[in-house]
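Shown next, in structure tokens, is the structure this report addresses.
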């Protein structure tokens, strides 16, 4: 019905022409040749216009950049705001609002030279004042921001002039640069607003798109910002529809009411191979920045033994999981870095599926005998444990079920407990778990100090598996001190190897991102950084544009 | 001329696959202006008889025979025609006036409803008329009581309302089904006097059903006695000279009211009546024939019929 | 009448207090903590988390928290949602209308169909019509609403493709003319309202039938017949008004069930209503939002009971004049 | 009529009990046998009802699901009856202040949207099968309490109880020996009826993903999975629902049959 709405409009026009075939024919003779050249030219020459309609399951929670923690919020925030720095297509940090930056010899001081002539979307010039304001808000104890951590390492924040900032850190901190991808908020608008209440739903940034409106539960509309400092984006409007149901989302795509959604593996493999989809859409597939793992509570006597963890790694067939859960759309994960990160160590090869080796390792660890049920025994203790995961994530649930089967085959009885997210966090915080099945979404910077450093095992800290390795600790500290990427690469590749050796996690898979986009969009160039990095360069040829201004 | 004549009326019900013979072939008549009393134990079929006279019995398994009202066979009437007779020609007064009046409508509302049903009257006129009727049956403060709900009135008052409703369409036959049973003694007398008065005033014919033989003796010309779905005795001066042992037994009960278990033994089950005379298991005079052959109603004296193989001449 | 009303209204206060206190207790004693984040994020430091907990006063004893909460609620301030910092009242106001609309519509259709169905089957108990409706009633009782929803979605949404299967408006709702908008919402409401109606219809038509059978046995119905009143009028006026009485109470009591049913219905059809809001709030331990929802739910329930009581008193003179 | 209800109801329940008991014999496959080569294959000779999204045989899973559902019905109702009868009998027998207090409590519990109560409780306890049963029991005893109280109140007033009391029997004895047996028929009816309700509740919880834990096959959780693949695997959302429908229908028929039988007897 909704699709018909569009189709009908176009049909009406066509029918009008077809009804007078002769005129149509003559007209086209006149028009054909010049237009041929025109179009050919336009096919390579980006042009302005049209709108992109994005479908999303989730609705943003807030559009205040320093509060936004969910992916839907970040989708919008990323288009409306800029940070001082950003990642380019090869995941290198480049200037965004900062034109240039300097790191002092000792790594303690970072100086940013801000871009001049940048204007907020309400016309007010962007200055160092805005950066200072954003910093102050980030470290203000009354701000409910989850991102204060990186900024609390700042000793001194100096505004040299309107376009120069000098930031002094307590210690050298190389991830600091990455932290300044944090979007900057306008001081002049927020100085007097206490809790961002209005701003959260009416943001003003420096970014390529201006916020127009947000209809709760329905959609968010953005419009190209004509004076964007990197040039106006080609696509006029960005419409973000919230459709909280996977099947409806797909149905709307099929009706060509949406231009851009993320597919599930099932949809990618089974439902989009028709002629219709091939003709009207382009599917993309690239590795995402995240991985799924089992975290072992290393304080638990069973999992303290490295051999046990290695045995389990051998016993789980990751390829089967990727086939069963992702329908093949993913890669085996070999450590805390994903293959498209520069920190990834290609020399680390995933352990093969080898239940025999697993049994041997377990036997070495003392799990030799089996009871009537076929469960391994060590003394009187049965090898039995519970794997926790969160409710509402179908892939993890399936993943857990496959692992359960595989471990049962080597004589380990695993129970699955699916609890809601809040509950899971609580259990993890209190260390009341044996194993958890979770995923990490990764930032582009490889620093994983918070996850694997032995000092980060406190109650609300993220080394909840209590992993302790002196060598890894040392490397992680060094990785934070050193600013040179080539040196850091060396360091993190060592970390990668050591962690895979230790198996504090059983690394399972890196899923593929599976976006599908209407075929009329041009300029999409997938790289290891995905497709979103050059969104402002996407365009639609004039004759294919669907939405006129 | 008979106002009502009943011929071989049978009313059966079906319960749990068995046939319940509530009324099993009775015949009687009521003359114009006459009062006929109908007496019998509970479950003998009195009320069913009364109801079936205007086809009021619900879901009968069998309803046969003839009921001629002024010569018209009620059982053959279309329901629309029947409705014109109900209330307008044949009116009822029931036992338990409180439950017989609709609890959620005012007295006035219910009266106006039926007045307007049978007469062409505006609401206003109907109300005035209802007031008049209430006054006629001796309801004080009629205007206020017209706006009362049944539960706000006493039992006697409610029965007066019932009577007023019954009279409001000038029926020619009034069927009073135990109208005084659940009332206290003084009210009973008042209601009976009222019925007697209006009967005279309106020149009504009356079918009076009751347990209370004393009342019948005082208020009716003739009496019919029912036992197990049949009339066992009918006639004038029944009480002076009953022929049927059952009637005799009833009369000899001290209070004159038929008690629930008025006689030795139990009333027979309506699902399976005894063969022969239905009274024989309890009859002190039974002989072998009583167990085999059913007695038919025979005229023993002029206008006095008895169904008994050995009618006794008994003087009370 | 007024004093009766006030008395009833007053008696609701302790009930409301009891409900809120018990919920407060359950919610806060339940393990798990508010999760403002949908995924774990290593960029969020432990100190930042501590700070949030202090800001939300979650470190105080439960009773103190409850009293704080109560004090604010008396001023009609339900606080701000943990999830997005917006006022609870605003979030509920956004979601409540659609839930009420669906429930009101389904209630309307339940009544619309239940009365004829119940009355007709009561006229001839065990007749053909009655047997058919009995079958329908049993299936209605036994069919899980979400399963019916799935079947309807499968049939109308996917196989036939003629009805939308989720949400309440089409994605291009705001571009439609106002007439088309209403049509659009109506189309989206067909499936959820049918599902909600079906379940309720079974039970309710059964009640109507049982009550009618009971009432039709009453003496006053016989009186009405004896007075020559037509059957139609007897059933529709004399009997129905009496049969209505117990139904009013049942309607009043059905409010919590309806709210509970909304959770499932709204989850299946992805409707942004109260049920779903509360469900999500419970899962993410959004305490202020849960409590706001509990209060709204309890108030609606108690109001339902109160209105039922008042209707009963209005409809039944026996109570009114006591 | 009532006979036919009882017959068909007990036939359905009987068959289900047999299916549950002999599930291992009747199932063509191990219900947890994962087969990633056969994900979501439609009904065929090899898999009569098709396979799920991990390639497991749907028929086997539904058969094993019978065990969960029947168990949930019986245990949850047992708990509800235990609490409901205790509170109802106490309130009805003691009357006065205790009665008022208990009934107020029942009122409060009834005013909760039940499902919300369930959700909070599920969060409170870990979702093992037993806990699910416990929670359903804990949230469904109120109706039982009310019925029992009403019945106890009416029986208490009867002559024979007064007589027994006059003979000096103790309260406990009167309640357990004389009153409760008289309440038993209505408890039975309510119990059977609730069993259907409990099964519905369990499947609804599992459908929302809050019910029994995998890999235990529960009809509700199969349906949940079915919804997510509705557009490509209709069998996943059709068959488990039929199982729920039949089971609950069985209980409802049985309860209705017994109820009408009890009414016509008395």
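Residue numbering begins at 1 within each chain, and the chains themselves are lettered A, B, C and D in the order written.
Note that in this section a residue touches a chain if its C-beta (ideal position, glycine included) is under 8 Å from a C-beta of that chain, and two chains touch if they have at least 3 such contacts.
In this text the structure is predicted, and so the values were computed from the model without any measurement.
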Geometric centre: closest chain by C-alpha means: C
Winner on C-beta contact pairs when B-C is weighed against A-C: A-C
Computed distance of Cα centres, chain C from chain B, in Å: 52
Centroid distance [mean C-alpha coordinates] between chain B and chain A, Å: 90
Interchain centroid distance [CA atoms averaged], chain A/chain C, Å: 39
Centroid spacing, where centroids are CA-atom means, of chain C and chain D in whole angstrom: 22
For chain C, residues that touch 2 or more chains besides their own: 31-32, 158, 283
Multi-partner residues of chain A (each touching 2 or more other chains): 247, 251, 391-392, 419-420, 422-423
Junction residues of chain D, two or more chains touched: 123, 227, 230-231
Pairs of chains in contact (touch as defined earlier), listed by label: A-C, A-D, B-C, C-D
Touch list for chain C against partner chain B, complex: 218-220, 222-231, 238, 241-242, 245, 315-318, 321
Chain C residues within the chain D interface of the complex: 14-15, 18-19, 22-23, 26-27, 29-32, 126, 138-139, 141-144, 146-147, 150-151, 153-154, 158, 253, 256-257, 259-261, 263-264, 267-268, 275, 278-279, 282-283, 293-294, 297-298, 301-302, 305
Chain C partner contacts - residues on chain A that touch it in the complex: 1-2, 5, 53, 55, 58, 61-62, 67, 69-70, 141-142, 144-150, 152, 195-197, 200, 215-219, 241, 243-245, 247-248, 251-252, 257-258, 391-392, 419-427, 429, 438-441, 443, 448, 450-451, 458-462
Complex contacts: residues of chain D adjacent to chain C: 1, 104-105, 107-108, 110-117, 119-121, 123-124, 196, 200, 203-204, 207-208, 223, 226-227, 230-231, 234, 237-238, 241, 244-249, 252-253, 256
Interface residues, chain D side, partner chain A - complex: 32-34, 36, 39-40, 53-55, 123, 126-127, 209-210, 213-215, 225, 227-232
